[in-house]
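The following blocks contain the structures, represented as structure tokens.
Both complexes shown next keep subunit A, but they swap its partner, so subunit B is in the first and subunit C is in the second.
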Partner chain A sequence: MIFVFPALAIYLAVIAFPIISSVGLSFTDYNIYKNLAIWTGLANYIKIFKDPVFWFSMRNNFFVIFVSVFGQIPLGFVLAYLIYRRLVKRSVFFQAMVFLPTVISTIIIGILWSKMFSPIGVVPRIIQVITNNPDYSMTIMTNKNLAMIPIGFVLLWMYTGTYLIIFLANLQNIDPDIIEAAQIDGATDGQIFRKIIVPQLYGVLVLTSILAISGSLRSFDLIFAMTGGGPAYYTNLLSIYMYNQSFIFHNYGVGSAVSTVMVILSIVLVILIRLARRKIDIMEA
Partner chain B sequence: MMFKKLFCLVMALVFVSSISVCVFSQEKEVELTVLNYLDITSPEAKAWDATVEAFNAKYPNITLKIENSFGEAYHQKLAALAAAGDLPDVMYLWPGGRSAEIYKNELTEDLYPFLGPDKDKFVPAAVTPQWDGKLYELPIGITATHVMYVNTKLLIDLGLTMPKTYGELVAMVPKIKEAGLYPILMPNKAAWVMQSCLFSALVGRIAGQDWLDALIAGEASFTDQEFVDSLAFVKDMYDTGLLPPQSIQLEYGDGPNLFATGRSPFMIDGDWRVGALVPLLSEEEQENFELTVFPDIAGQKGESGSTSTVAATGFGMKAGLIGDKVDAAWKWIYFFAGPQAAEIRLIEQGMIPTYIMDLSAYDISPLAVKRGAFYPEHSGTYVLDDKITGEPINILNIGLQELALGNTTPEKLAAEIEAAR
Partner chain C sequence: MYEDTLNTRKERNIFNRFLIYMIFIIFAILTLYPLIWLFYSSFKPQLEIIRDSFALPQDPTFSNYTQAIIKGKLNIYAINSIIYTFVSTGLVIIFSMMASFAFAKIKNRATPFLYNSFLIGLLITIQAILIPLFISMTRIGLRDTRIGIIFIYVAINLPLAVYLGTEFVKAIPDSLIESAQIDGASYFRIFFKIILPMCKPVMVTILIFTALACWNEFMLALVFTSSDSVRSLPVGIFSFSGPLATEYGMQFAALVIGMTPMILLYTIFHRQITRGFAAGGAIKG
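Let's look at the complex of A and B:
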């Protein structure tokens, strides 16, 4: 116990205490400048649940989760598998290129893509040249229902490299003799992938899914730098909504209520993934 | 012997006094943290650098530890620092709405006691109380947040003349578009731009100053027809193509370059943009640019030719500073609004100072001269985010973007703002 104490103390101080105090503040009208909290019960929760912007932000968060879990992870897995089985030439260069965006500052990436998608940026210009339409502009960026799509593309571009490295590291841990034995027994590449590779990486898939979900729920910097949540609130995430409530509207209680919802949502999604894994394990058994 | 003793005493006194003079005349080193509102990539950065250099030369014992930020990021940073109780010693502040939370919570010092009789050295309108009878920042100028910049040469090349009414302006759209140009350039990806640089002036023009006074006094509502009509007018500007849909995707900082390179005959922005345009245009080219305001609107209740004005921004002092820091902070605040820095801004940016000085002595750029001539020609109405604070102004800012994209109606938006009041 005595050896665990320093780590436990740090955890309680920087993780548990802020979460608990934030939950407490979510039931108050809090003036952060005067450190004065007035009990308001569930008023902050009622306020956010009645706010369509909150639900729209949550919808966008689920889009980011969807892109992460069903885009970045499978893509990272496939790319890692291609490199592992040496199905691409110059695999080291290929690997470096996919991983490169991960080492660039998120804010720089946000600004970079914001400039690229701007009406005077590179992407619309290329489309103008290809379509021979000088008036073309990327209206998708201002479409309430589609504004998240370019962001989804940037998320894929930026984070796939992280999953590629995780999967590649784990693929390299698989004993090559098993694959060789399967090949001698006449197994096809598809069978090796489905029957040997994927089952061995179930644990990693669950881990990356948890990472993707928790990362997506607290996602903030990239989108904030790229669009600031705009136009209007069309690319808002819960974290940006929370930030606006706290630091623009100065409703710290409401901001705390949003963060509490995010924590609950995160826990529920992680539990769902663990349940899914258990079910798969039982089915496999 | 006596003489020898006296001589020694005199020498000792001289030595002690010279040491004391040396010790007491050497001012203490002070470090001052400064949070400044500046886009360091903008041409205005040159004037800032010159100002800091001049301050350093005048007060070598004061070290400025400067952090620059711009746009919404600045306001968010300031709010976060205030919330964390970690405000810098001096910070850039707004006279009203935008800095309201800082003033409401008394996080900065009242500057009247520091200013004392020097108050008379400033234009009276600039040093009127800003909040609760106090002066929390020392304004560096009077700002017109709405200016319609006109590239007269481009207008003539297109075979057009300066529009006197909104109808005439709309009639120009096909010709300007045909030439592959933006009818009006107004990059408003940042939500505050539309409200501050156009909508405030439109409300002043369409609804009139009396209605604005009634609104602030709580005797008028955002759902009044005057305000709904003002919102509908913005929608109409997008529908007629005056404001192209791309303008909502353009970064605020893109405006001056695009305008200076002839991408539009008109640009709507604040008067401060003169500072960004001057370095991009030669003195000859500047002769082809004019500063005016939005043309007359049919049925307007406000004054023809009005713009939206506010006492400008300036530096304020963190509450509770003690010792040498107070003196150093005031020296910076006064220096920034005072004659030396005002001269730099006048020459570099054409900014007319609040510090009373003889402007005829300066050789300033043609566009800066036009900026100086702009103020007496145009009466001022309120800038909304100076008078309205909190959620209503944010709903308005975001709502103006939704309105432009056709996802809300003027009536619905007006009702939402009123409900949040």
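Let's look at the complex of A and C:
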């Protein structure tokens, strides 16, 4: 018991206890200066569901989830497969290049890329040179409909490497005898990929999707640093919305309601993936 | 006829190879170019940055760096970040190894429940604990203090560390511990003399994850610090690099200072970091 105590005490104080009290706070209009909470029932939830900014944030969160699940994971998988099959030389170098952004602070990446896309950055300059139009000026970051596109690009840029590493490690765990046996039986590369590689990595694919979803729901740093949620609130995320409500406007009850919605959403999505997996398992059996 | 198909197949193969290399080379350029651009731009005076974002510095200067340190107080932020990273990482390693030993080898009835409650921490949305934690930290006076930040960093990094540690200690054969017990060794002696020396690989993994997480963490440091003397590097850099800030050279210098330690760490320990991410990255997401 002595061995567990330090870890457990800190864990309970910082993680377990606050989760419960957060749900409680979401039904109140807590005021930090008076340290007073009055029960307001569902008022906070009604307030956020009526707020268009909340729905914009939700939409953007789903965009981030979409980029992770259908962008980062497949791209990471394909790159890992190419390295695994030894289709490139110098794979250690290329692997490092894809992975390097992962170790850099997200805040720094966000600021760096917002500068790259800004008028003092190189992206507009490259477009000027390509289109041969020296007057071209980049407005994508301030366009309310398009500002999510550069963000999606940076999301791919910085997280694909993590998935590459995870998939590569799991590919290298596949027994090479299975593949050799299939080759002797005359299986083509495509058949091996579809019938052996993908089924073997099935569990990892499901696991990474779950993690991508819960990671995307809580992501904050990158967009906060790149756009601050702007222009206006068109690139807001639920986490930024929650941050603004709590720590800028000091509506702690509303902020707690948003975070409760985020937790419920992540639980629902994870359950959906689990169900989808079971359905595919049954279909294959 | 046969020759023909063989030839086209060969051509297709060469073309595929070319395509694969192109993909990896594009990735490498996309990773390296922004970093190189940032590096040489950090030596350019303000006017040169505005005039031509492409060009190499005509008149390289260190003043951006001295400005970032004097005006931006980057030295204070850097020292804080170093303190947070070292102390938190050290405590996480000690506490998590102690807990791992107990969870894996000193079992009692509460073990499964306590261990599972740690595992839930892996999937937690940090926003769900933010507000209650903010309120309680404010009330006990730990907000905006170094101890408060370290306390939180230790807590949020413990679940992954405990998980990795426990799985590792489980693999150490029981017979080693039993024979030490027969020789009359106490649990403390067993822990320090047998378990810890054998756990070096997993301790390195925990060290890498925790150090990266603490050095790069942004949101919690943003919420829980308000005075310059306790701010960490990411928050400090963000505070003068917001979307509206115009002292570009100083910002570039700050970004370079913020990311150099992690890039160096990666070049030195890339093998361990890759292995760590393969093992723990699947959980971290």
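Everything that follows uses one rule, which is that the second predicted complex is superposed on the first by the 267 of 285 C-alpha atoms of A that agree within 3 Å, B and C clash if a C-alpha of one lies under 4 Å from a C-alpha of the other, contacts with A are read in each partner's own complex, and residues count from 1 in each chain.
Following the convention adopted for this analysis, a residue touches a chain if its C-beta (ideal position, glycine included) is under 8 Å from a C-beta of that chain, and two chains touch if they have at least 3 such contacts.
Since we're looking at a predicted model, the values are computed, not measured.
Peer 1: For the combined arrangement obtained by superposing on subunit A, do subunit B and subunit C clash, or do they fit?
Peer 2: clash
Peer 1: Once the shared chain is lined up, is A:169 touching subunit B (first), subunit C (second), both, or neither of them?
Peer 2: Only subunit C is touched by A:169; subunit B is not.
Peer 1: Touching A:242 in the superposition: subunit B (first), subunit C (second), both, neither?
Peer 2: second
Peer 1: Per the contact definition in the header, classify A:228: touching subunit B only (first), subunit C only (second), both, or neither.
Peer 2: both
Peer 1: So, does A:138 touch the first partner subunit B, the second partner subunit C, both, or neither?
Peer 2: first
Peer 1: What's your read, subunit B or subunit C touching more residues of subunit A?
Peer 2: C
Peer 1: For A:120, select first, second, both or neither according to whether it touches subunit B, subunit C, the two together, or no partner.
Peer 2: In the superposed model, A:120 contacts both subunit B and subunit C.
Peer 1: Let me test your reading of the model: by the given contact rule, A:6 touches which partner, first (subunit B), second (subunit C), both or neither?
Peer 2: Once the two structures are laid over each other on A, A:6 reaches subunit C alone.
Peer 1: Touch test for A:60: subunit B only (first), subunit C only (second), both, or neither?
Peer 2: Neither partner.
Peer 1: Once chain A of both complexes is superposed, is A:32 in touch with subunit B (first), subunit C (second), both, or neither?
Peer 2: A:32: touches subunit B and subunit C.
Peer 1: For the superposed three-chain arrangement, which subunit B stretch in 81-89, 135-143, 279-287 or 369-377 runs into subunit C?
Peer 2: After superposing on chain A, the clashing stretch of subunit B is 81-89.
Peer 1: Under the contact rule defined above, give the subunit A residues that sit at the interface with subunit B and also at the interface with subunit C.
Peer 2: 32, 114-115, 120, 228, 230, 243, 246-247, 252
Peer 1: Can you name the residues of subunit A that touch subunit B in the complex?
Peer 2: Touching subunit B: residues 31-34, 114-115, 117-120, 134, 137-139, 141-142, 144, 228, 230-233, 243-244, 246-252 of subunit A.
Peer 1: Okay, in this complex, where on subunit C does subunit A touch?
Peer 2: The touching residues are 17, 20-21, 23-24, 27-28, 30-34, 37-38, 49-50, 52-54, 94-96, 98-99, 101-103, 106, 108, 114, 117-118, 121, 123-136, 138-139, 151-152, 154-156, 158-159, 162, 187, 191, 212, 215-216, 218-219, 223, 233-234, 237-238, 241-243, 248, 251-252, 255, 258-259, 262-263, 265-266, 270, 273-275, 277-279, 281-285.
Peer 1: Inside the complex, what are the residues of subunit B that reach subunit A?
Peer 2: That would be residues 72, 75-76, 79-80, 82-83, 101, 105, 107, 180, 189-191, 245-246, 248-251, 254, 258, 390-391, 394, 398-399, 401-402, 404-405, 407 of subunit B.
Peer 1: Can you list the subunit A residues touching subunit C in their complex?
Peer 2: Subunit A reaches subunit C through residues 1, 3-4, 6-8, 10-11, 13-19, 21-22, 25, 30, 32, 35, 79, 82, 87-88, 93-108, 111-116, 120-122, 125, 157, 162, 165-166, 168-169, 204, 207-208, 211-212, 214-215, 217-218, 220-221, 224-225, 227-228, 230, 238-239, 242-243, 246-247, 252, 255-256, 258-260, 262-263, 266, 270.
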